[in-house]
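Next up: the structures, one after another.
Shared between the two complexes below is subunit A, which has subunit B as its partner in the first and subunit C in the second.
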Partner chain A sequence: MRPEQQGVEVAVLVSVGRHPITGRARRADQDARGLELALGLERQLPGSRVSLLHAGPRGEESEAALRGYLGMGLETLTLLEQAEGADAIPALAEHLAAAPPQLVITGARAERGEGSGLLPYALAERLGWPLVNGLAAVERVENGVATLLQALPRGQRRRLKVRLPAIVSVDGAAPVARQSAFGPARRAELEATPVAAEPDRELAQWQLAPARKRPKRLKVIKAASARDRFKAAAAKAEGGGGQVLADVTPAQGAEAILKLLREEGVLPR
Partner chain B sequence: MLETLLPILIFSALGVAVIGAWRRVRLWRQGRPSAVPLLKGLAAMPRRYLVDLHHVVGRDKVMSNTHVATAGGFVAAAVLMTLVHGLGLANPWLGGLLLLASATMFVGSLFVARRRRNPPARLSRGPWMRLPRSLMAFSLGVFAITLPAVGILPAGFGHWLLGLLLAAVVAWGLAEMVVGMTWGGPMKHAFAGALHLAFHRRPERFSTKAGGEGRSTGLKALDLEDPSAPLGVETPADFTWNQLLGFDACVQCGRCEAVCPAFAAGQPLNPKKLIQDMVVGMAGGSDAHYAGSPHPSQGLGGKPVGEHHGTPHGPIVAREGKALVDAETLWSCTTCRACVEECPMMIEHVDAIVDMRRFLTLERGETPNKAPEVLDNLIATDNPGGFAPGARMHWAADLDLPLIADLQQVDVLLWLGDGAFDMRNQRTLRALVKVLRAAGVDFAVLGNEERDSGDVARRLGDEATFQSLARRNIATLAQYRFQHIVTCDPHSFHVLGNEYGELGGHYRVYHHSTYIAELYESGRLAFRPWKGGSVTYHDPCYLGRYNGEYEAPRNVLRALGIQVSEMERSGFRSRCCGGGGGAPITDIPGKRRIPDMRMNDVEATGASLVAVGCPQCTAMLEGVVDAGAEVRDIAELVADALVARPAVGAFDATRRPQAEEVI
Partner chain C sequence: MREIHRRDPRREWIVRNRLHPEHLSVLAEQGGGAASEWLGPQGVIRKNPHAIGFIGPNGVKRIDRSGAQQGGQAAGGARQAAQDSRRQVTIEAPAFLVAVVPELSGGRLSGHDKDLLGLARRLADADAERPGAVLAVVFGEHKEEGFGEAGIDRLLHLDDGGYAGFAPEARLAALSAVERELAPRHWLLPDSPLGGADLGRRLALRLGERPATGVWQLEASESGWRCTARGAAESLDIQRPLPRVALALAECAEPVDETRHAAEPLSLAEAIPSALSRIEDLGQVAVDPAGVALAEAEFILSGGNGVKDWDGFHHAARVLGATEGASRVAVDDGFMDRHRQVGATGTWVTARVYMAVGISGAIQHLQGIQSCDKVVAINLDPGCDMVKRADLAVIGESAEILAALVAKVEQQRGGQRDAA
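The block that comes next holds the complex of A and B.
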């Protein structure tokens, strides 16, 4: 007999995404995966409830993007309406603290704005809840403890037990989001509650510019045979020639870094 | 004795038939409302039957004559019988005509019987197998009882037992032919079919006396403005009433099944079964009584009849388990319209399939396989591949193509289509540009302002994305002035020409083959004679069946000096390449691939080259492994054969200024 599993209250934090090529507003990929995870959980644990939460301004473009999540099969989304550029963290933390769900799921990083990926951490800190990042699956929820599968690089997985309430963040390792359907998206409701806007002062001082792709280091492959070439292509992307400096003075450390930068041609020799 | 028995028999049969008709009409009226001019439709019905329907039936001469004899004989016999035997108008003239009619019908029924001896797999069995005997019973019975009426036999001839026997035969005939017509026997097709012709939801598809073309192939738009308007068809009752009526008209002749590429490929779709499933759903029940060939899907675990069931207000596609049809059935269709083209009852399979797909996509978000990704790309990047919209003209970086935004007005707007992102199609586009330049055509392109036409989105059931793309394209096109649009993509051609109209975009669109044919005829192109091997031509569905253009591509090939060795299935019978309707995206497995079958058709002609006129066809046919024939677009063949025009300069010098002066 499997121990009794109860349903859980899940809140999924969603943001307005940005298509990487055209920059059009859309449901953000990671947030949508988070919602997919939550909907999977709802199936797995009957009696679970999934709610959607977004903090931000209401506009035509952002509404269309938010409806993208609703088209996955939800009837409402709670919109904490804020002015453009307001800090979402206090508003979200306050809302979550007022009626705490057991599990908060969010994408690891927003597709527009700062996109620093700090939101889950800041929320966890404010609420005092544990945080698990890179979630791949929720295996079980029993007696207020969730068994989670965390994704590690190169397909590895780690099983964790976390006491609820907790915040989890998902990235590309979580299941792909289901299709968003037009009809349900159009019918669903945005329940807007205006919240006190706390302008994000730090952000206001920033200068925003479109990101440029960081240049990739070319792998120089010196391989004689096809087998070697294949091995080199499939090899882990790890720098081989590193050195570990332990117990060195700051000056020695700085010297080592400077030497490396010269070697790599970042600084003139 | 017969004199008293016959009127009773005839009028009770008619009475029961009227009750049946009323019940049948109630079944149809479960559907959604659809405004059709009832009286006008009824008035047009005889012409639609005699001209349009027989145009299709007449493709099979024997069957057509059989039907004329049997049906014509029956209608005449039924009317005359009611007069002669029902009302007792024992006029020898009427009686003589009645003898003639029933004899004709009998001859017809002999042919029906002959065909039923070894019926091809596409024909349904079951109750249909008894039909020849019923036809004979009716015609012979009526013939025999009429003999005394015209005085060939004395009135009191024969024993009373013989009379009773005759009455029984006539009763059998009446039961099948009159009662069965409205109570769901094989003869139902006559009753439902006649009304279906009258109340068809596409009255434009019928020819008119004035010589109307009689083609209507564009899908009808969904009302997206009204949030309470339904998005597609979930239950049988969500079809319009005249669609339900249309399904009921099916004679189970299986002509659609015989031409369906998805069926031939072993995918889980049989258009005839699909229509029958709709009839089952409309009346409620299971498909256990279906007596034709089911889905050819043994490879998928088989689909025996009797497992699917439905009700008028129950779902057609179940979320889990089975209902009336499986989703893969709907997604197997390439929207090639071969079934519609062949259907003698003028049933619109593609409309029905897209209606049901719309529900699955717009309400359930269940478009299979890669389709959600393609739809997301269309929404985010305006092209199905998810390419940067700004890269649309990269293929033409060296061609210095004029942009319509710079010129504001031109003769020809060259619509590139999404083939602009595809390396293979870029070769076709370059060839087409070369041809247009050689002919001195005043043309321009939209460049990065062009978007996907919305064809794939619409056929995948995503009407919202289609309309969004269409409206933005229409707004873009409205900024510029041009005489007509030329495109090498029949899908864009069809959508721009036949489907944008409903949304407010009216254009004269040419397929490049038509346009090249016209250029050649007006002497603006000259070709060197063809030196290659033998060539066949593959008619794209969206050019041929959708738009009736069979001749222009052949004229162009002829002008090139190519003698086309036709495939068995060409022209309006052309077999689909498998690329339409989003089928390569939904990718429902079968036993064979549709393009492989088409390439076999090509190889059967012995041709070493197949000329095509569609980027999809090119891609599908070129994707065939170990193909025996090369695939070239007509534009490429033309570009390769170009030689300097005889009267060089005559056009170049005058064309531009002329075009500018006129306006």
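The block that comes next holds the complex of A and C.
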């Protein structure tokens, strides 16, 4: 099986993250997980190459954050230098189309700016590549087809086969990123290329404000009488109209339970 | 014609005399049902304060001032009345359509879906003279019956094998066909990982729109609808005009609770072109249920004080593929680990099916399972709180029932394997 697998070229799109408490620039959590996944793939498939790609302005703070990725064991990062507030999607799409890698890994959402999670979808739409979200692991890559594990809610996993080249996005279900080493991060190189950038005019028109706390939903009870209101406020959780099977043999009881489990589809097939 | 009141002094005397053996029956006759008030011979309303109320279960007289005298059956009737008080709304010729693609997790409308439909109703009903209709696009099989109650006017049910599992390309092709044919004014999708978060972004980019994601508030202004959306890892509120495609968070609006809508079935005139799929779904992978966090497990088998055969319990959990949970007593007695405890002190679970074996249902435990969809109870005591909460309760010895269940499941799997 091993010899059939050949190395793949992986591009990891990284962004500048934001620490949730201090608000300082850092490596973004999901992007770092994506890089960790790519590095795991490199170990799994000898001959794979991992490249890092970032589009954005170059500043002291963002450079320190980007070096956080380099400290995970890479030597270079390609930086498409743009002005502040420019749209990253055209620049990235152009760069990827010029030298298409087989697999593009991104985080699901950015930690700064709009953070809408649209970037992987926009790239997939522009490049015409298939996209898989919520990646948990890459199992195999054979003959241009990757077998992936997609994370579902409730800890479930789904196996998918995707024809390469493809874009995959990772979220919290991917493996946790390794620590970033400071020395290698300092020594690594940022290859900056200035690109033409068009400003994101729409975003500039929107009003941005620090997030307000969302109002808690009130439990509104529409009852005509005081008694109904009191009952609703003091009610214990009751299913209401549950079926009770008394005086049945264990086999009959088990049959009824099995029927319900089958209806809900929770039994493994 | 004026009615002539005739007095019967003896009956009046019986009515006054509470100790008379016929007192209650005469009182009931005189009042014509509600025995506490009647019209006296002089045309004056007479009241009998002693006839108010009813004898409660402990033999104590209870008085209910709400007007709804109850002896046990009244509550059910009141609930029925509340159900029927919804106003029926039919929109014949809608001015526009608001399309909603609910996630339908587990085949039913989730709370998130209902909130989203409430949001869609706000958009549709903004102008009372020219109301829009809410169109729901539902993929695959479902078990939901309350589409009308949730506020859906038109229901487009696309029941085709191709939409099962992870089929974003096929679903996107179907939604594009809906867009071409019906051209809804708004597209609303839930911003949830399983449902709309993926599909909604694909749809928006296919339509060439820049969607609002994480929308949690909507307000009308002079220039049209404006929405507030969460951005930048929940740290930013973005205020912007509402675009055509919006992905909304849970609790973005109140669910519909006053009206009932038609949920009229709809079908597309043109056939949906089959999309070339480059993604193949190989199905779900068996995950070790013991490794799934209790808070997000889908199917929990929980044991309590009534479980005596713990080996059988663990075996049943393995065969059924359930995550194990426990009540406080079982944990305190050392039969289960502390991190398996369900309830106020332990984990608040969100399972779709919660099977409580030998758990009587202390209030702390019931709190922990508030958000479970279906509860199955196996218990010896038919009067316990867990049986009242349960959707299905089986009264009997838990070990025997679990053993029978395991035998049935194993027998079936064996049969399937033979057939294959």
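Here is the rule we go by: the second predicted complex is superposed on the first by the 208 of 269 C-alpha atoms of A that agree within 3 Å, B and C clash if a C-alpha of one lies under 4 Å from a C-alpha of the other, contacts with A are read in each partner's own complex, and residues count from 1 in each chain.
Rule of thumb we're sticking to: a contact is a pair of C-beta atoms (placed from the backbone, for glycine too) under 8 Å apart; a residue touches a chain by one contact, two chains touch by 3 or more.
Here the structure is a predicted model, which is why all the values come from computation and not from measurement.
Trainee: Contacts for A:R186 in the overlay, against subunit B (first) and subunit C (second): which applies, first, second, both or neither?
Mentor: first
Trainee: Determine, for the superposed model, which of the two partners subunit B and subunit C contacts more residues of subunit A.
Mentor: Tallying touched residues of subunit A, the top partner is C.
Trainee: Have a look at where A:A122 lands relative to subunit B and subunit C in the superposition and call it first, second, both or neither.
Mentor: Touch partner of A:A122: subunit C, not subunit B.
Trainee: What is the contact status of A:E60 with respect to subunit B (first) and subunit C (second): first, second, both, or neither?
Mentor: The answer is neither, since A:E60 touches no partner chain.
Trainee: Which bits of subunit B are touching subunit A when the two form their complex?
Mentor: Result: residues 227, 231, 361-367, 372, 375-376, 379-381, 386-389, 462, 464 of subunit B touch subunit A.
Trainee: Could you pull out which subunit A residues touch subunit B in their complex?
Mentor: Per the stated touch rule, the residues are 19, 21-22, 24, 26, 71-73, 178-184, 186-187.
Trainee: In their shared complex, at which residues does subunit A touch subunit C?
Mentor: 18, 20, 23, 109-118, 121-122, 125, 130-134, 147, 149-150, 152-163, 166, 171, 202, 205-212, 214, 217, 220, 222, 225-228, 231, 236-239, 242-248, 250-251, 253-258, 260-261, 263-268
Trainee: Give every residue of subunit C touching subunit A within the complex, in rising order.
Mentor: Going through subunit C, the ones touching subunit A are 64-68, 75, 78, 106-107, 143, 165-166, 168-169, 193-194, 197-198, 201-202, 204-206, 210-214, 216, 229-240, 251, 254, 257, 278-287, 291-293, 296-299, 320-322, 352-353, 355, 363, 366-367, 369-370, 373-376, 378, 382, 385, 387-397, 400-405, 407-409.
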